[in-house]
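Every chain is named by a letter (A, B, C and D) in the order it is written, and numbering of its residues begins at 1.
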Amino acid sequence: MAFRIVHYINQFYAGIGGEEKADYEPEIREAVVGPGMALKAAFKGEAEIVATVICGDSHFASNMDDDTAKILGMIREYKPDAFIAGPAFNAGRYGTACGAMCAAVAKEFGIPVISGMYPENPGVEMFRKYAWIIETPDSAAGMRKAVPAMAKLALKLLKGETLGKPSEEGYIERGIRKNMFYGKLAAQRCVDMFVSKLKGETFETEYPMPVFDRVDPQPAVKDMKHAVIALVTSGGICPKGNPDHIEASSASKFGEYDITGVNDLTSETHCTAHGGYDATYADQDADRVLPVDVLRDLEREGVIGKLHNKFYTTVGNGTSVANAKRFGAEIVNRLVNDGVTAVILTST
Amino acid sequence: MVKEIERKLPVVHMCTIVPISQTVGANRIVPTIAIPHPFGDPSKTPEEEKALRRSLVERGLKALQTEITEQTVFTE
Amino acid sequence: MKLELHRLKVNSLKFGEKTGFADGVLTVNKAEILALISEDPLLGKNLDVDIAMPGESVRVMPVKDVIEPRWKLSGKGQVFPGMISDVETVGEGQTLVLSGCAVLTAGKLVRFQEGIIDMSGPGADYTPYSKTCNVVLVLEPSDPNMDKHDYEKACRIAGLKTAAYLAKSCADVKADTVETFELPTMREAMTQFPELPKVGYIYMLQTQGLLHDTYLYGVDVKKILPTIISPLEVMDGAIVSGNCVSACDKNSTYSHLNNPVIADMLKRHGKDFNFVATIVTNENVTLADKKRSSSYAAKLAGMLGLDGVVITEEGFGNPDADLIMNCRKCEQLGIKTALLTDEYAGQDGASQSLADSCPEGTACVTAGNANEVITLPPMSKVIGYPEEANVIAGGWQGSLADDGSITVELQAITGATSELGYTKLGAYTL
Amino acid sequence: MLKLITNNAGLHVSVSSSEYVDGSSLDVLIRVRGLVHSGSIILTHPLCGNLRPNQQPFRSVIVDAESRAVDLDSLSIIESAVNVYQSSKLVFPKDFDDKTRADYAYIDSELMRESLGRYGLIRDERLCNAPSLKVKEV
């Protein structure tokens, strides 16, 4: 009997419409739709698409939790053996939706989940730990290449075959360590690598240690008196009660908070969500982490033009590099759109 | 995170553990007081504490107004 | 310094009248071994000696140490100096080796420590000691409330004595093969192979307390400053293990005697590099000791003018800090490093593998993720105490099923992720 | 001031300067992290011994508790140790039968014994040497 697959696509690939239809509500059809046809062909009868979920990208992005729950409910009765989402190529919101649904399905049903994305799709960094994501070209022109690779990987997973390295199978590295027997003793591999390093030859370490790249400094602020300065912190400062439920560590989101008219942070108004340090002092007076009071003084005195009326907060503690990068990129885009000149980033 | 911001806007990283800031790739760095209270010192009076905080923030603004070509730690 | 290893290849074991070797068969007089080990008043009355052969449906647990039988036929000193013989320097002359044979010590000490060796089935693939013909000592203390240090030492000595006794009993047999190692003095070594890089080996030994200790000429290694040793001394048992916690990555005495990094470096000496020095160092619990030892080991490497070092770690967690300090301090002196470690990446492989890291650690080989879970099927015979599976390091309550199968992390298997690199296991990123 | 931070009650009572943490090994590490953030120096590695986080329910760390500039070595070590524990399944003293728990407590004490002696923190040498160090139940 063929394996049962549920396929997830967005409104565009379902032929419903483009951006104007992006708030299309999630629905499920007992049919093969859009790129599902190519998938079906690639399965050669070994697996069948029993249902297709269609959801608008904007709808999913703005109702992530609700839509996820709703779609999980729709999928359940079809008892899938695997879940395939996309491919999303370089479409950011579509990729994020595919990744989020893969992660949710894997957690809920414990079945293989497969997607396909361009490596720079933000969905990759966010969800590669939770899903098998086939590396695709950046546009739908790569459909012919992406779909057979996704189908092949899905069948391999469904049959319980051992997967090779990312480069061999075509998926994006998930960051999960797996044991294997090599042809040589670890000692010999180590001496081999040692000799290569001595000789200045290229070699591939078996365990890459974290490395850091650099960004060139931006030019200095010329006119501080008219500059808009924004505050960003990784110290977890948020309105008292942590309304957005930012996690104490390994944060999956950042907070954006309005401080229009706020001249001082107090124990009545603000606290820290950060679980990585003793919160006593920040909870007593959050200005100790995010110096709003002083910046308001400087604004009043005309030293700076303006303190930006929103601050941004994340929790540095245990937050993955990928998430931290994503937060940084999203925050700076909003700051640029709001006409901010420069940023003070505070960390604990 | 600091690097992503620096790609588009000048940013000063104000933090207690300078080597970590250096490792994550900040360019303008201002050392602060202590991990649980970078801009404060609970052993001081509120007035002294705020004066201390102000001097740190002013140092941060100075860093933002200084042209640099490489990672720089502003200690005064 | 010149050492000949006279090897007798043991293909089979049997109990018999007289301990000795003929035609690949090692005959073992059980009564003599029992008499030898019961000399120690610290060991109890119910001692046993058993045999575990490759391919048999046999499980041995909990295993403390694995020792290869060796005996010096000539040259100064005797094997395992400072432990069962005088403290005289070893590494010269002729040493008899019963290749393919090992002594295993098994017995309860504390309720969660030691390892499992399966002689067949999937577990056998992970331990090098499923391929050796094993003489197993099943030990118990004479007093159940005995101080654990005393009992641990008694077990250690019983294993070493038995290993020496077995090899000594075969001293009259002519060896199948003789392997000769001749290493020059430091003065000659420094001028040999001027066109090749001078390299060394930093040999990290775990030294943290009971069941976490290692001995050098009988000295507790936590009390030494890093020092230089000849690989030939290692082959004569200058380094002895007192170490079996998380059995997967503790260096057994057997793996010290046959240190595969030393073996490979000697093989490539004069071709790919000039291997001039082995530096032993410790992994203590205090930060002051960690800093001191890593600085001192790197300093020795620097004083010797080494171009590169291979560094092997023993254990997981805090020794990662020692490994990283050794790596960084050497690299800062311009000494290139290659590291050999193992990983603790969680049962799902998604956690951070090492407790510490540094960007200088660009060449790192790992002996695998010790957390991967394996199910060991039931065996027809268990030597030791199978109920210990529920409390062994790497097991959990319920690890031992009613049918006798055991589900554990690899770390419960003796030598599975040996950081001397004595297995072919490794890991890659999915 | 030198002191031991521990959740091992048996060890706690035998050490002259000790702070008892009523909780898991992770709670011990988090307490130590708080101390390091306010200037304490770690004297013994927080992951000493070679039991994985999901095996050893007890943790003990000696610190030099004082208020000074943050010690970077101590900081990086304690943050890494907390990371290791946060990404791992934890075990608690109550998860074990009495005998096994006593053995874990014993090994924890053993690993600290030499360092405690070196830093002059052992109140009663015999207590740490006792063959069957009893764990006080809390």
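Going forward, a residue touches a chain if its C-beta (ideal position, glycine included) is under 8 Å from a C-beta of that chain, and two chains touch if they have at least 3 such contacts.
The structure displayed is predicted, hence computed values, not measured ones.
Colleague: Both chain A and chain D are touched by which chains?
Modeller: B, C
Colleague: Name the chain pair with more contacting C-beta pairs, choosing from A-B and C-D.
Modeller: A-B
Colleague: Let me spell it out: compute each chain's centre from its C-alpha atoms, then which one is farthest from chain B's centre?
Modeller: C
Colleague: With chain centres defined as C-alpha means, what is the inter-centre distance between chain C and chain D in Å?
Modeller: Going by mean C-alpha positions, chain C sits 28 Å from chain D.
Colleague: How far is the middle of chain A from the middle of chain C, if each middle is the mean of its Cα atoms, in Å?
Modeller: Distance between chain centres, rounded to whole Å: 44 Å.
Colleague: Could you state the distance in Å from the CA-based centre of chain B to that of chain D?
Modeller: So the centroids are 34 Å from each other.
Colleague: Can you list every residue of chain A that touches 2 or more other chains, as numbers and ranges?
Modeller: 212, 277-278
Colleague: Please list all residues of chain D that touch 2 or more other chains.
Modeller: 34, 37-38, 83
Colleague: With touch defined as at the top, which chains are paired up in contact here?
Modeller: Every pair of chains meeting the touch criterion: A-B, A-C, A-D, B-D, C-D.
Colleague: Flag every residue of chain A that touches chain D in the complex, lowest number first.
Modeller: 249-250, 276-278, 318
Colleague: Please output the residues of chain B touching chain A within their complex, sorted ascending.
Modeller: Contact set of chain B toward chain A: 1-17, 20-21, 23-28, 32, 35-40, 42, 49-50, 53-54, 56-58, 60-61, 64-70.
Colleague: Enumerate the contact residues on chain A facing chain B in the complex.
Modeller: 212-222, 224, 229, 232, 234-235, 277-282, 284-285, 287-291, 293-295, 297-298, 303-304, 314, 324-325, 327-329, 331-333, 335-336, 340-348
Colleague: Inside the complex, what are the residues of chain A that reach chain C?
Modeller: 129, 163, 165-166, 173-191, 193-198, 203, 205-212
Colleague: Using the touch definition up top, name the residues of chain C that touch chain D in the complex.
Modeller: Of all residues in chain C, those touching chain D are 110-113, 145-148, 206, 208-212, 222, 245-246, 249-250, 285-288, 290-291, 315-319, 321, 344, 346, 351-352, 355-356, 370-371, 391, 393-394, 397, 411.
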